[in-house]
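Structures given as structure tokens follow.
Note that subunit A is present in both complexes that follow, paired respectively with subunit B and with subunit C.
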Partner chain A sequence: MQPTLSFEQAPPISVPYRFFLTAPLFGAVAGLVLAWFGPAALASRWSPGALAMTHLIVVDFMLQVMCGSLLQFVAVVAGANIWRPRLVAAVVHPLITAGAVFLATAFLLGQQVLFLLAALVFATALGLFLTVMAVALVRTPARSASIRVLRLAVFGLLLTVVLGVTLASTLGLHRSLQSIWSLPTLINVHVAWGLGGWALMLVIGVSFLVVPMFQLTPAYPLWLTRLVPAGLFLALCLWSLQLLPGTSAAQSWQSGVVLAGMLLAGLYAVATLWLQSSRRRRQADVTLVFWRGAMLALLALAVSWLLFLALPQLGGQARAPLWLGVLALPGVFLSVIQGMLYKIMPFLNWLHLQRQGGTVSTQPNMKQMIPERAMRGQMRLHFAALALLLAAVIWPALALPAGLAFSASCLWLEWNLVGAARLYVRFRNRIRAAAAAPLAPI
Partner chain B sequence: MSFPTQILPAHHRHCDDLFVAAEEAAGRGDWTAATSAFEHFQTQMKAHFAAEEDLLFPAFEAAAGSGSGPTRVMRLEHEQMRPLLAQLEAACAARDGEDYAGIAETLLILMQQHNMKEENILYPMCDQALGPEAERIAARMSALLEQRRA
Partner chain C sequence: MIDGRDMEPPEPLELALAALATLAPGAELIMLLRCEPLPLYSILDRNGYRYRSERRADGSNEIHIQKG
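Coming up: the complex of A and B.
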């Protein structure tokens, strides 16, 4: 069957917005978990508090926004028809939300049945999401570096989910799979695909389009658009070889793989910063500053990891992985996500008001959707919270203020996004009322 | 030898440059420079619309056998851009920097996602569907864009 090309199938505004509007709330909950458990949550990456916070952030914040954006983005970039986006969103959004709550509670309370429930819910929700995305991305007639990278990212999500569901089932079923794989090995591979193969790959694929697009920078060099995703993918495949029987987690070639992966990530961060510094549009809006913060965090992550490899007495400390985790999650991914939300929501507001019949004189422009001062203030709080979180890894006594600051920045983000959504509803109602009574003043 | 996939993306970049020049001048409050840069930008945008709507799209629709689908959406997005151009012109005349910045931001994102769709999907489809005629259409579009540039 000939793939149909449609630019009009961009989903209804409620499809991405439901994901965007709930995500920051779970970031706020993650901050409260840190504040509540205090220094104990920062004892190591295996503390129940750390595991719960991590999954609230990666699933209920990051994955939610990423799923919502992809349903929108793929329809636009690939001109691909997403199969029944309204239905997919209605199933995937509540299930992912519930799954992450089950998982976080399971870590905090050690309840085995909740692990099983989480596994079941994620397998269902993400199985559906992945199928729909894979079909759209395979059938698209579009050709660009971004599409190729998005396909890799979706594959990365698939492996993350398979490994994650396996892990949750293992924890739920009295660890019966431990005879085949050790838990740490499975976790190493799960985390690598989740953060490198899915989240970072997605950021890379999206950036090839949006970095030049928003600030009018030069395009990424062709060699880089091939080398970085392919190299990262290869490094992840090699990293996964530790799942083979007879290999252990501490073999020296694995340091080589980490080294290669970190060099590629660092190269990508430097290239992005360099492109942004040679942008033709000079103004530095919040989206640009969020992106630059994210790229600096990625660079810091690569440098830290290499230092940890070189200095085992430092890298071997229980809190070293937490340092990397803070740089990766709030540092890289949440910064990119917030910068993108502040660009996507005003544009979608504008576009959908146009579709409702709005005109340039009866609807606000993009800069009137979220007040600039509110976005800048929230951004400063986000970066301050990031600094506090990093400090709390070194001095766990700071866990309480760090958790509260992070929570507050997520709530402020929520406030700003809800404000944009309310503005949309207000103007949509006005446009409808004007259409119903053509003579009434707007 | 040139194809739609070669000349039109280059002209998108040209329009981007003109957009930036006008936006920068308006940001500085230099309204004489902004007005003249904006006029230049608007002329090129309209030339680009004309090259596509009068030459490329009809040829593609004739070859692909459809008056709807992707070209209809592209025309619709051109129609969304025209009032924004008119509003920018009004903001120049009123020397309203805040209005100019907000409308410019809106137009830029609309333009960029539009360009992305054309460059990734529509132009390659045109090259393919038009076959040997692609070059002739491209030459006519080049001539039109050159003539408006003068």
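Coming up: the complex of A and C.
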């Protein structure tokens, strides 16, 4: 079936933009946390600095953009009715923002009450978001591969939130669930669903539509659009079996599940790179380069993880999970997100100006919404920051420059996105003024 | 004629809107696209253009547009 988009259901532009315009700021804060705490933040994945940075990135950056995009994407791709999108965005956006700040501060200061506040706020905000999204995705008549995978991704977010709220409440009440589950077991399953079941599944689902459509590649093979999401979902379900009593010690089958999950992720990355290499237009725009960088990072993540499994003396190092975390968060997800933001915002600017009566002569075209040089410069800084972050995992003395570079790349992204939003407002006002102006006398 | 099969969205739509602005009465704009352009259809409906779409052997769509 050919991909189609329906813009009749598209929510107001303020719905996605409020998420997009705050997200990079928290990436900048995460970079400053690293710069401030220095090598101590990179001692292990359990250091307060590492936990605070991680949640600033995964919640206040990634989740923000993903929620804003999903409200737009599901309406446009599935033609689905989102229940009162403006209201949902007005409730979910500030609550997620506050929740992640509570959580990051709780990790840094060890304040129990902040964990409880974060749990309460996330349960409310994401409970509403998930309900609205689930209703829209269940009711839509659309049956494309993208929609099937988005349903799995939303289920992945549900499990991530349930486990995350449980963890935050446990830390907040200082009450251990040791008699049922060890904390590391709960965290392992929470992280797997958050990064694999929600974030990666969402990227996969979205890519099945946007890679062929915007990068002018052949379509993903049908078998791959079935195997990768289903296989990943099955691997995550098997991984979650460690929550069952008496299974947490069974390490060998867990390694098998990780192996399967990483092979699937690697297969998806190779397939995407191969499709991109056979695209019909040779010109490589920033979105394409960001996607390629992300897929190379995903491949590096899969290879690193398999290497860590094969060489326990390497995989057992305290900083090994940080290496994987840097490849996953700034490497895979933030690269895809930034590449997509540079495509989505010009597109939404253009679309909404056009809907308000803009014409070819009264509104800028897609390529004029964000200057190409600014996007390319920011992209180079992002990949330089990624390289520095990876180097800082090996030589923690580099934590300060790595944190500052990452922070600067996020601020530059923010500057570029704000520029696009300001351009939209300027031309919208111009179109409105032209429509309201009295006809000139002949 | 706009061959938008190897263009990145929304470039075919941008070109179509530019061409429609100068389309003479009775003249026809033909577009070749790999997808069904639902956003274009809604714009055409709103502005009183007539159109018909044909599926070609290679799977692409050929859209004929005239002033209504």
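In this text, the second predicted complex is superposed on the first by the 427 of 442 C-alpha atoms of A that agree within 3 Å, B and C clash if a C-alpha of one lies under 4 Å from a C-alpha of the other, contacts with A are read in each partner's own complex, and residues count from 1 in each chain.
One rule holds in what follows: a contact is a pair of C-beta atoms (placed from the backbone, for glycine too) under 8 Å apart; a residue touches a chain by one contact, two chains touch by 3 or more.
Keep in mind it's a predicted model, so treat the numbers as computed, not measured.
If you stack the two complexes on chain A, which partner ends up touching A:142: first (subunit B), second (subunit C), both, or neither?
Touch status of A:142: first partner only.
Check the residue A:366 against both partner chains and state whether it touches subunit B (first), subunit C (second), both, or neither.
It touches subunit B and subunit C both.
Would you check which partner chain A:350 touches, where first means subunit B only, second means subunit C only, and both and neither mean what they say?
Both: A:350 reaches subunit B and subunit C.
Now for A:280: first (subunit B), second (subunit C), both, or neither, which partner does it touch?
After superposition on chain A, A:280 lies in contact with both partners, subunit B and subunit C.
Between subunit C and subunit B, which one touches more residues of subunit A when both complexes sit on the common chain A?
More residues of subunit A are touched by B.
For A:216, decide between first (touching subunit B), second (touching subunit C), both and neither.
both
Residues of subunit A that sit at the subunit B interface in one complex and at the subunit C interface in the other, please.
In subunit A, residues 5-8, 213-214, 216, 280-281, 347, 350-351, 354, 359-361, 365-366 are touched by subunit B and also by subunit C.
Which bits of subunit B are touching subunit A when the two form their complex?
For this pair, the touching residues of subunit B are 16-17, 20, 23-24, 27, 69-70, 73-74, 80, 83-84, 86-87, 99, 101-103, 105-106, 108-110, 112-113, 116-117, 120-121, 124-125.
Which bits of subunit A are touching subunit C when the two form their complex?
Going through subunit A, the ones touching subunit C are 2-8, 213-216, 280-281, 347, 350-351, 354, 359-361, 365-366.
What residues on subunit C touch subunit A, complex-wise?
6-11, 14, 17-18, 21, 34-36, 38-39, 42-43, 59
Would you tell me which residues of subunit A are touching subunit B in their complex?
Its residues touching subunit B are 5-8, 76-79, 141-144, 147, 209, 213-214, 216, 280-283, 343, 347, 350-351, 354, 359-361, 364-368.
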